[in-house]
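Labels A, B, C and D are assigned to the chains in the order they are written; within every chain, residues are numbered from 1.
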Amino acid sequence: MSSVYVIGGSGYTGSELMRILLNHPKVNELTVTARQWKDESVKEKLPHLDTELRFEELNLTKANRSDFVFVCLPHTQAMEIVPKLDTRVIDLSADFRIKDQNKYEAVYKVKHTAPNLLYDAVYGLPEIYRSNIKKARIVANPGCLATGAILALYPLVKNYDAKNIIVDAKTGISGAGKNVTETSHFPNLNENIVPYKLTNHRHIAEMEQELGVDVHFTPQVIPVTRGILTTVHAFVEGDLERVGEFYKKTYKREPFTKILADPPSILAVRGSNYCHIGGFAHEKGRVVLFSAIDNLVKGASGQAVQNMNIMAGWDERAGIEAMGLSP
Amino acid sequence: MSSVYVIGGSGYTGSELMRILLNHPKVNELTVTARQWKDESVKEKLPHLDTELRFEELNLTKANRSDFVFVCLPHTQAMEIVPKLDTRVIDLSADFRIKDQNKYEAVYKVKHTAPNLLYDAVYGLPEIYRSNIKKARIVANPGCLATGAILALYPLVKNYDAKNIIVDAKTGISGAGKNVTETSHFPNLNENIVPYKLTNHRHIAEMEQELGVDVHFTPQVIPVTRGILTTVHAFVEGDLERVGEFYKKTYKREPFTKILADPPSILAVRGSNYCHIGGFAHEKGRVVLFSAIDNLVKGASGQAVQNMNIMAGWDERAGIEAMGLSP
Amino acid sequence: MSSVYVIGGSGYTGSELMRILLNHPKVNELTVTARQWKDESVKEKLPHLDTELRFEELNLTKANRSDFVFVCLPHTQAMEIVPKLDTRVIDLSADFRIKDQNKYEAVYKVKHTAPNLLYDAVYGLPEIYRSNIKKARIVANPGCLATGAILALYPLVKNYDAKNIIVDAKTGISGAGKNVTETSHFPNLNENIVPYKLTNHRHIAEMEQELGVDVHFTPQVIPVTRGILTTVHAFVEGDLERVGEFYKKTYKREPFTKILADPPSILAVRGSNYCHIGGFAHEKGRVVLFSAIDNLVKGASGQAVQNMNIMAGWDERAGIEAMGLSP
Amino acid sequence: MSSVYVIGGSGYTGSELMRILLNHPKVNELTVTARQWKDESVKEKLPHLDTELRFEELNLTKANRSDFVFVCLPHTQAMEIVPKLDTRVIDLSADFRIKDQNKYEAVYKVKHTAPNLLYDAVYGLPEIYRSNIKKARIVANPGCLATGAILALYPLVKNYDAKNIIVDAKTGISGAGKNVTETSHFPNLNENIVPYKLTNHRHIAEMEQELGVDVHFTPQVIPVTRGILTTVHAFVEGDLERVGEFYKKTYKREPFTKILADPPSILAVRGSNYCHIGGFAHEKGRVVLFSAIDNLVKGASGQAVQNMNIMAGWDERAGIEAMGLSP
């Protein structure tokens, strides 16, 4: 049994971690910090959680005595804390995802204050880095849009010469966090779909780092709470009938990434750590295919727990076996 | 470890049972029947379920060799099958809920063909009948709207003289099932709210049977998939400041029924077996309070598993520990 | 042709007025103020409006030269401005709706600074006060929830002895305005329904003033943008089969208030000035019936234009003939 | 004043035509047919319409005495009726949109029974064919997805050498019509997004006919009722800073097609005949831009009325001046 320390429990990734960890079979001690809610009852602030826990103030000594620390802080805040941790760390921010310091600083428009840790931190996508994650002290948990796009493109770019890759992502609004904004105002999003960051979303840096190809990426917020449907269009040479086969082969032993014949559905993966990929079709040299994840689970807290399970050598599915809440 | 047999896996209560039972720690053998999908792969018909199971045809011998049989058939079909079962049975239909045969026949407008079993079947609301459920061979799992209303009213009618009780229920559309209808047509329900069965919903019979008082009940379908918010208005004599106290006392040992100060939220119980009750307020002799459940979980398949857990003597929370999927 | 001046064009009632007035056949001059958007292009701030108008700063001289002034300010701000206007005024705030100054001050918890105008201002519900509105200099446009409730109850309380009247209202979130709030945050309202002001909503004062009976009122926000479905439950003596008849008779000459046999739908009145009432049913002494309006049209800006049309002697439907945008 | 005859009033395009035509200033006589609803009251079948009309059976003599006939029949049924009409006709089906009979037959997999009329029928997109529509006897009203895509691409392909054009469309479900289907079942679409016809949607034939370039088109149904957001990605050579300028120039005199700097919103055009285009951005040779229409208005019945107005020489905006119902 293990102790887990969550830094930053007031946002969606923090509460989603609690939802999972409170029922995790290998976790017997859970501490969650939230500065503005210090000493307050978790279940009063978050009535969906059935627990007697109270939020605490950050205590680095206690954090470092824990087996695992999850960092759920905004980027820039994370890189202040992570260097002070000497236990195993899963950082859900963007601060340790980009290996090239200059690239990070260009994209996030801020100086990196812990560049020496950049190469220690393993990019936490188990489908690609499982063996490194096993040994990692720090895991940089991928971005939600990056997870959807990389898993959808990885077998394609490994097996084909793909050009002019368009990733047209549709994301639920919970990816934008808990703070109310003009976009999250119900009358503005309901019966609507909202394009944003048309050509310069920060997650593009992760996609291009991991895939090694140019990615043209445009996200749009759809009027749903959870889920990312990533639509990939690419101009590809080779035998396009075999695309699906390569996906099946690549992911055949994956516990969470599953290949379907039909286009996947964000509803089928809602609340779960699954990534569904499917819908392989092509015409006139274009391939189109789709991935579906829950942005708060496989796109954030579920994948973070998957990474912890791998690091600890537990069943990779422990605590995240839940199937999609559908309908 | 136990074997479980589900009769009728093609509808929402059947697929919800599978979602729960496939991860239930005490169930090692699961069989699911669905006549129209015989031999078809469960995960192809229901992509949110990660399983190699195939649907089977009903086989009474196999059913009776199982430790538990869940019957997920429409009313009238259930009362044809249940008498042929001699193992422990949880029936999700309405056929064994109403103890008075005449009442059943008046409400459902059909002759009861197994009236001798009516009194054997225990009404499966653990909050009231836990000890009977423990010993029951047949459990009649309550209706979803009845569950929401009875849990919301039970402490009130036990502790006060309540008159002119209005139950104004708001239900997600999944309660109406998987078949497409005019009401379930997205353009008809989206941006709408649809009253139905204004004075004669069949679940009223369950409410009045269990509560022993007249209930004036009107349901409305809201544009959400899961969840029932039951609003109770009642004209009550006595010390209205103490209403909340009686609720806390009544449900204090319940693993799933929780009392909140604020009005509960169907989002906080979504995907979970919890029932939240709260919002106790009053003015000019009226009390108003609310209960929130997920109609497919505490209102159907989750409560059915809770009943199985009680019958088997397992931890009542086994397999249904999941907290609300919120947001 | 007439000139119209709108004070406070940055909120929903202001933009909805523009949507209507820009196509009104009798309005040839429109001015709209919005302090924070002074000199800004209306269509850039509000892309659904096709107009070359720019927002202006409030100019009382110009306002008083106009034929009609609409005041779309929060309560308390309205009562500062209205006394300075000497043209015909339609005030959409709450400040002149309650005739009893003490009642207003108790409900709104603020001193009334223009009590001498309270009795000059006519309560702007055409179905009851059409002839007074015709001659009024100041019209106090009713609250949205009050409009739905009063129209739904008026024929009942005039023709029956109704007791224990429960008004259980379900409202779209646009009634809460344009400012982002925790309730309007999409992840909080989507797949949810949110009760609020369980016993003390301020619009109760309008309902009780106009109906002369006690009203027990509880509103709930549903995950839709526009629309109020008002469910009325009342315990009534007399011939309950005739309830619908009295409604037809009361509203028979009304251009916008229509009686249906079935329960009405907020979708059928969306974007329109109609109020639909229907669903008359009863059991054991309870009557249940429903009204449906668009909270921003018949519940606010549409009714305000209807009042202007009456005051001006124009066709009451001018500019607000649009039928419901359904689906 | 004119008489109008609508054939097929039971579907969404028919009811939307009625919603518009019942308030059209130049239409004084309206007849609507619907075989299955013969003699039934329009307002009882469609409560959002305030009219005393009744549905009639098709009467070709009466139709031919009308000034305009709108044909709202499924494809194949339309080409049976149109040859029997000798008045001015606006056909909302696909039967006369594709000029190349072989192409039509290949795409729709049916023999064309009135090929002689194919070249008489003008493709009813006023932004391109206004002068031909003016003189046309038969107008083939464009498909909804085709309208969104052609208006979004037309200035681009006229002014640039665009390659690898991807059109990723997001459409509300009302475009699929009034019949209940698995996709339109609320629990299947709510909290979801559903790709379909991944590479072979029939409207591609219209797009390629009108644009003269290859179009790679994939539509997805979003959980909204009305609206199409068309996302265009294209690889383009030339001065990409000037893209927006060409759009402004092309559409500068258009009453309904408007250019915005920001990405457009389907909410801003909801219920209106406007098409908004905007969001011009580019990186690494890709241009991305968006159009937004209401599929039932500019994508169907509103554009049909716009065509009638042009044919009749009336103000092109008559009857369709309504601005977007936002929020």
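Keep this in mind: a contact is a pair of C-beta atoms (placed from the backbone, for glycine too) under 8 Å apart; a residue touches a chain by one contact, two chains touch by 3 or more.
Note that the coordinates shown come from a computational prediction; the quantities given were computed from them, not determined experimentally.
**Student:** Using the stated contact rule, I'd like to know whether A-D or A-B comes out ahead in C-beta pair count.
**Tutor:** Spelling it out, more C-beta pairs touch across A-D than across the other pair.
**Student:** Centre to centre, using CA atoms, which chain is the farthest one from chain D?
**Tutor:** In terms of C-alpha centroids, the chain at the greatest distance from chain D is B.
**Student:** Using CA atom averages as chain centres, what separation in Å is found between chain B and chain D?
**Tutor:** Using C-alpha averages as centres, the distance is 45 Å.
**Student:** Per the centroid of Cα atoms for each chain, what is the distance between chain A and chain D, given in Å?
**Tutor:** About 40 Å, centre to centre.
**Student:** Any idea how many Å lie between the Cα centroids of chain A and chain B?
**Tutor:** 35
**Student:** Among the residues of chain C, which ones contact at least 2 other chains?
**Tutor:** 12, 174, 187, 190-191, 223-226, 265, 267, 270, 327
**Student:** Flag every residue of chain B that touches chain C in the complex, lowest number first.
**Tutor:** Going through chain B, the ones touching chain C are 164, 166, 168, 170, 187-188, 190-196, 198-200, 214, 216, 218, 220, 222-227, 229, 231, 233, 235, 263, 265-267, 270, 279, 281-284, 286, 288, 290, 327.
**Student:** For the complex, which residues does chain C have touching chain D?
**Tutor:** 12, 15, 19, 22-23, 46-50, 174, 190-191, 225-226, 258, 260, 262, 264-265, 267-272, 274, 276, 321-327
**Student:** What residues of chain C sit close enough to touch chain A in their complex?
**Tutor:** Within the complex, chain C touches chain A at residues 12, 173-174, 178, 180-182, 184-187, 189-191, 223-225.
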